[in-house]
Structures are given as structure tokens and as C-alpha cells.
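In the two complexes below, chain A is the common chain; its partner is chain B in one and chain C in the other.
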Partner chain A sequence: MFEIIKKTLQTGCQTTKYPQTPDFAPQGFRGKPEFIAEKCTYCADCVKVCPAGVIWLSEKSGEKTLSLSCCGCIFCGRCEEVCKPGAIKLTQEYELSAKKKEDLISSIGRKL
Partner chain B sequence: MKTEIIDTIKKDFQENILEESISYNEIYLTVKKESIVKLCDRIYYHFDLPLVSIFATDERNINGFFKIHYVFSIDKNDAFIILRINVDGKNPGYPSITYKIAAANWYEREMQDMFGLVPQGHPDPRRLMNFEDWPDGVHPLRKDFDIRTKPPRVNGEYIYRHVDGEGVYEIPVGPVHAGVIEPGHFRFSVAGEPIINLEIRHFYTHKGVEKLFENISIDKAVFLSERISGDNSVAHAVAFCQAMEKIAGVNVPPRARFIRTILLELERIYNHLGDIAGIATDVAFAFGAAHANKLKEEVLQLNERVTGSRMLRGMNAIGGVRRDIGDKKDEILQKLSIIQRDFRKLMENFTSTPSLMDRIETTGRIYPDTAKGLHVVGPSGRASGLDRDTRRDHPYAAYPEFNFKVPVLKAGDVLSRTIVRADEICESVALIEQALWALPERETRVNVEKIPDGHAFGYTESPRGETIYWVRTIGNRIDRCKVRDPSFCNWLAIEYAVLDNIVPDFPIINKSLSLSYSGNDM
Partner chain C sequence: MTVEDEIEIMGQRMNDKIRKIFGRSLHIREVDAGSCNACEVEVNSLSNPIYDIERFGLHIVASPRHADMLLVTGSVTRNMELALLKTYNATPSPKLVAAMGSCACNGGIFGETYASGGGVDKFIPVDVYIPGCPPRPQAVIFGIMVVLDKLEQKIGKKEV
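Take a look at the complex of A and B:
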């Protein structure tokens, strides 16, 4: 019993102040993937390799749109790995909750 | 021993052997269907080789047959003997071996549901994975079953084993449970407090993973294998990658093999810490649970800093690993030494707390002969006297280069399983230290563009026990991928472990066996 009390006092408080104080994910964390619009060539390499199939390319009236949904993304980083121009990057962002599925979709587009 | 076994079998069963082939450490013998019971009996009992898996393949489009593979492991020689029988596609019956070898029970029922192969003489031929609302004659793993098929629901009934008698009550538990865990039904028959019978029923969320493997490209399949059993993702991914690398004839760079070993051991540490915390929770030893959970969280955060993922995902690829972790060496060593010191102290607190020891000593015993008969694997097997560890018996990754002990106890109770885990954590820390100190230089991955046609086993010792993959590739696609998760072997042991125990001890026994729903029900 004495040992347990001693250990409890030694350990002290272990929780952090999150979310009052922000908690940053470490370097190299696999978080939300983001497009860098100016680098993208719309080659659709990322679309082909995505194991979860959450990246898609659509074309409508001469405008190409590349979309990604974090709803279903498994944060494997394959898109980042195959993207030759480096137009998609996994960020340290992890707070991804949303009220609607549509809010989890990010898109970039370009007129041809 | 390997050649002795093969020679004896060939001599005694000469007229029954149709074909023989050897690839890597796998000896395939195609035998006559009628002789399979005798052959399995001889190998299992006379040579004392464990039956590690049974699976079927659908080859009707090639030769009109289903093939059933019976896999035995020669632990002493790092080899496998695979007996194969051909089962006629139009008349898919074959002799059951379950009445001789209990470990074959679920495999045969699985094949009955998935392939429609009928085990003749099976003592319990009820459906296992296809539930009663699934129509007759629809078998998902047959090649002519399209993955998009949505079969109609039909009426049917599942009959449970029934215990009758004065004062005998049934307690149904699940499939929906109190915590955030997966579904499973437990039906207890009790007379007063002691349990006199337990029947488990699982497979409520069958996901068709083996079918999925056949329908995705190989580079995506690595991520699928990672997600079969969430907390054993490295073990599954490494087993899958090793099978593919064997087929492709790729030599994984030494640095990648070392990194894989480190990841596998990190996974073992956080799983075992979580299990020990769970056991403490279930006996209301809140102090121990809090501290074990704190240590587990520290390992998870270390995982995140080292690999970018708390569950160590996305690290493995066919041909090596995707990230180098060499620059994190000091951080890992420092953190693990602190964790180990704290963990040792915590285990002293555990063993000196009578209220905890009273609850777990002699609770949930799995006797060595039961464990052997059901082929219980992993820490649960080792706590019941089964001295088997894939890391030592079928060395892979960088394990042949390190020293480690395999703790084995005989009592088979919750306490033994806790101690085996505690000892394994210390061995894992020592393994990671050895690997980090000897980490070879240079590349971490070789590029594998195309996988040739072939088939091979991949295996690892996950925190729960031996995990076995058998993969066959045709035309750079997966033709069949059989996954044998340790929980598929261990779940049935719980029916024996709870006998004569009281109902309130069931959660502890369940936790101490650390069974995965997801890995079992793919």
C-alpha cells in the first residue's frame, strides 16, 4: 500500500492541457494530405495509387478538378510518394472532425 | 529430421503420393483424397508436428478441382510440410480430420462456408461464417462468385449447444457489448456461479478480406494486410511482404530487416502493456491499470515520433521499409530504458498486491494438453507449456542475428499469461537495443516492379502469436491470399479456459487471452 501511494505521488499529473493549449504533432507525422495547386500537373498518378480510392479527378466544361476526401483516407502517404512535382503533401494537421462528409473534401482546379 | 519425415512418409504411403515439389522451405506433397486422414494422423501424432493451417484454393478453371492444403510446421528445421488433396469440383466432399485432430475444426467449417467443400464426418458441421440468413449454395471465395454480389436474405435458424438440468441457467452475452469492442456472442450455461459450458459465436462482421485481396493490386494489398487486425498491423504487413518477397526472389536490404525487427518489437511492447493494463482493469486494480496504460501511451507516442503513426502503419512495403528510423536511435534507446525501469517497478507492485494475485492465480486455466490439441499460439500457448515462437523456430527479418529468450510457463492460468507477457516486454526491449546498436548502413528498400507467378508462405510472430500468410500470384495479381491470424486458433480455447470458473472472472480470462475479433473475422 505504501509503495502504491509513493508511486502515485512520484508520478504526479500526467494529462496535458489540450485542447486549451494546442498539441502539435511531431515532425514526420502522417496527417491530412494537402494539395499545392500551382505545382499540380493533373497527371492522376495519385488517383491510381490511392489504396482507399479517396482521390479522384473530374473534368467539366474544360476545367479539371482534383479532389480528395479525408473521409476514408488512411494516411498512408502513397500519393505523396508517387507525386513527381511534389504537389501533394501529408501535413501535421490531425483535427479532422466535421459535421458533414462534404466538409472533409478538398479540391483544386485548373482551366485548360 | 526433415528428410527423415519425408522419407518415412514416402516409404509408407508410396502409392498414395501423386506429386512432390519443394520450393524454399516448403515441401508440397499432393496425395490421394482417401489417404488424407491416415497421413495427417501419422504426421500429427507420430512426428508430433503441429497443424498450423488448412486452406482451400479454387482451381476449377484450370483442372476442375478444388485443392485443400494441410500445413504442418517442422519447428526444429524451419520447414513446412504441406499436404494437398484434389477435391472434385462437381462433387465437393472430402474426409474430415477433425475427429482425429481437434485443431482442424474451424478450418473445415470455414472451407465449407467459403468454398462449399463438405467435410464428411465432421462432428459439428454447422455453419461458421455464413449466417443462417445467407442462402444455400453461395460460397464467396469461389472464383465464380463476383465480389459485388448481394445475395438475398433467407430464413434460417442457428442451433446452440444446450445444457439441461435442474438449476442450470443460460446467460447470453452480446453480440453488442458494453465497451467499444467488436461484436461476438457468448452463451454461458451456469449452475450457480460456476460456468459449466460456454459457446462462442463470432463472425458477425465478416468483411471478405481474402476476397478483397484477389481484387486489388499488389501495392495496395500491403495496406489492406496492415488493417486486418488494427493493433497487429506491423506483424500482418511484414508477413504479407515476406511472402511476396519470397515469390519475387528479392533479398531485403539488411537495414530494412533490422528496422522491421524494431517495429515488430515496438508493436509487441505496446500490445503487451495494453493487455496487462486490461487485466488490472478487470480485477479493479485501478492503480496498476493507470500506470500500465500510461506506459502504453508513452510507447504509442514514441511510435508516432519515430514512424509518424501511433500504430506503426505505413512503414512496410514489398522490398523493404518506406522510412529510415536510424536518426531516432538515441530517442528510442533513452525512452525504452525509462519505460523498462518503470515497468519493472510496476510488476513488483503487481506481484506484491494480494487482491490482484488472488484473482488471477489459477484463474482461467488452459491445460497443456488442451492447448496443444487446439493449437493455441503465442503468449497464451507459451503460458500453457507450448514452447513455440515463430521468431526462433522459423526465423525471419533480423531475428537470427540476435539473442533472446522465449519465456515458457506451464500453469496456463491468467497469472502465467501475465508473467509471459511481462518477460516478453523485457526481451523485446533487449532486442530493440541489439538491433539499434548493430543497425547496418545503406539502403532501406529495393524496388520490386513486378511479382512473378508463384506461391509462398510469409510468417511472423505477432504479439498474439504466429501469423501465417499464404499467397499465390498469377499475372502480377493476387490469385489467393490465405491469412491465418493467431486469434483464429485461440478463440476456441476460451471455451475450455472458463470451465469451472465463476462468471465474474470471464472478463479477466478473456482479456488475458487477448483475442482479436477483427483478425479472426476477416
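Take a look at the complex of A and C:
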């Protein structure tokens, strides 16, 4: 009995203070994928391998646009693996909630 | 001003928001509409001593008739479609709907097939999307913070 009380007191409060103080994801956590616009060659390798199909390439009047929607992304990191120039990286950001689906889309474009 | 200061201020603002809006409380009903159970495990851990959402007055309740918000997980399979609609109709207005996980957002890896509905927003109006496979408990708390603005609007307008 005394041992249990002693252990409880030694453990202390373990509850996170999350919304008041920011909580950073641990090393290796796979969060929001981000493009690096300068490195991208628009080869569309990531479009082919994405299991959820949330990356797409569109072409309009000579301008190529690569878009990614976090809505539906399973954060597997496959796009990061296949990207040869290293133009896509998974960050540790996890606060992605949005009221509209359009807010979750990020895209880069280049005139060719 | 450094980045750390900005984050500190943001955290403070969130805290004010919690006190102001959760002065009373928000009751959540969790609906499993064909999920793989990973999201359910995260919802379970929301009420454990580490995340402890009861300290904000957020409660997970056992009936949609007691709830203010539905937390829907899974891509809405054909067998769960009717159950989801019945749950939505049983919830008193004003009500909120949160789509938790990538499957609930737009079908995820299951997509839209004969058995999988492809997202909650094809059946009922969704107020907030919480992406993640599964989302961290912190991400779910953040999603609830985001949706609270919408609740204020709904009460203000007396929307059905």
C-alpha cells in the first residue's frame, strides 16, 4: 500500500499541456508533405506511386502545376522515397485541420 | 519577436478560446462508419490520463441524443450508410460533424467503390476535416478548436 502511494507521488502529473503549450512531434514522425519548388522537375513519379491518389499534375497553357491534397493522404512517405531530385519532404507538422477541403491543397507551378 | 514567442501567444489565445467557449461543455458521439479501428484507438487515448480531454469539458457520450458533435471515422461503407444517417438525424440541432482520418475525408486508400462511400461529406454535411492516418490525439484536439468557430456561427444564426 505504502509502496503504491510512494510510486504515485513520484510519478507526478503526466497530462500534456497541449493547447496551451505547443507539442512537437517526435523525430521520424511523418506529417504534412511539402514540395520544394526549385528542385522539382515535374517528372510525375510521385503521382504514379501515391497509393491514395492525392497528388496530381495538370497542364494549362504551357504551365505545369503539381498539386497535393492532405485530405486523403495517408502519410506513407512513398513520394519522398521515389523522388530522385528530393523535391518532396514530409515535415513534422500535424495540425492540418480545415473547414474546407480546398484549404488542404498545396500546389507548385512552373512555366515551361 | 521570435518564433517561440509567436507560438506562446498562439497557445495563450487557444487557452482563452477554450475557457470562453467551453465555459459549459461539448459532448461528442463517436461514430464508426467502417473504420479500420486505428482512429478508434486514438479516440480512446483522448480520454486517458495523458491527453485527458475531460479537463476541457469535452465528453464522449454513449448516445447521439446526448451529443452536440459527431466524430465520424471510416469511409462510410454500404452497411454503415443507413446507420450514419440515422445517427445524424437523432442528434439535436445545432450539431457539428467532424470527419476524422483520411478515410472519412475523401475515402483514403479505399476510394469510392461499390462497397466504400468515399468520404463522409457525400452523405452528411461536414464542418471540419481532420486528416491523418490516424491523426494524433493532439491533432484531434486541434480539429475541435477549429470547429468551435463554426459552432459560434451556428448558434448566432439559429441554423437548423
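One rule holds for everything that comes next: the second predicted complex is superposed on the first by the 101 of 112 C-alpha atoms of A that agree within 3 Å, B and C clash if a C-alpha of one lies under 4 Å from a C-alpha of the other, contacts with A are read in each partner's own complex, and residues count from 1 in each chain.
Here is the rule we go by: a contact is a pair of C-beta atoms (placed from the backbone, for glycine too) under 8 Å apart; a residue touches a chain by one contact, two chains touch by 3 or more.
Bear in mind the structure is a predicted one, so any value in this text is a computation, not a measurement.
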item	value
Which of chain B and chain C A:26 touches, first, second, both or neither	first
Chain B versus chain C as contact partner of A:101, first or second or both or neither	second
Which of chain B and chain C A:74 touches, first, second, both or neither	both
Touching partner for A:85 - first (chain B), second (chain C), both, neither	neither
Contacts of A:8 with chain B and chain C, given as first, second, both or neither	first
Comparison of chain B and chain C by chain A residues contacted	C
First, second, both or neither for A:51, with chain B first and chain C second	both
Set of chain A residues, in rising order, touched by both chain B and chain C	14, 25, 51-52, 74-76
For the chain A and chain B complex, residues of the former touching the latter	3-4, 7-8, 11, 14, 25-26, 28-30, 49, 51-52, 74-78, 81, 90
Residues of chain A that touch chain C when the two form their complex	14-16, 18-23, 25, 51-54, 69-76, 94-101, 104
Interfacial residue positions of chain B with respect to chain A in the complex	216, 219-220, 223-224, 227, 287, 291, 294, 304-305, 307-309, 313-314, 322-323, 345, 348-349, 352-353
Contacting residues of chain C [partner chain A, same complex]	7-8, 10-12, 14-15, 18, 49-52, 55-56, 102, 105-109, 111, 121, 127-133, 135-136, 138-139, 141-143, 145-147, 149-150
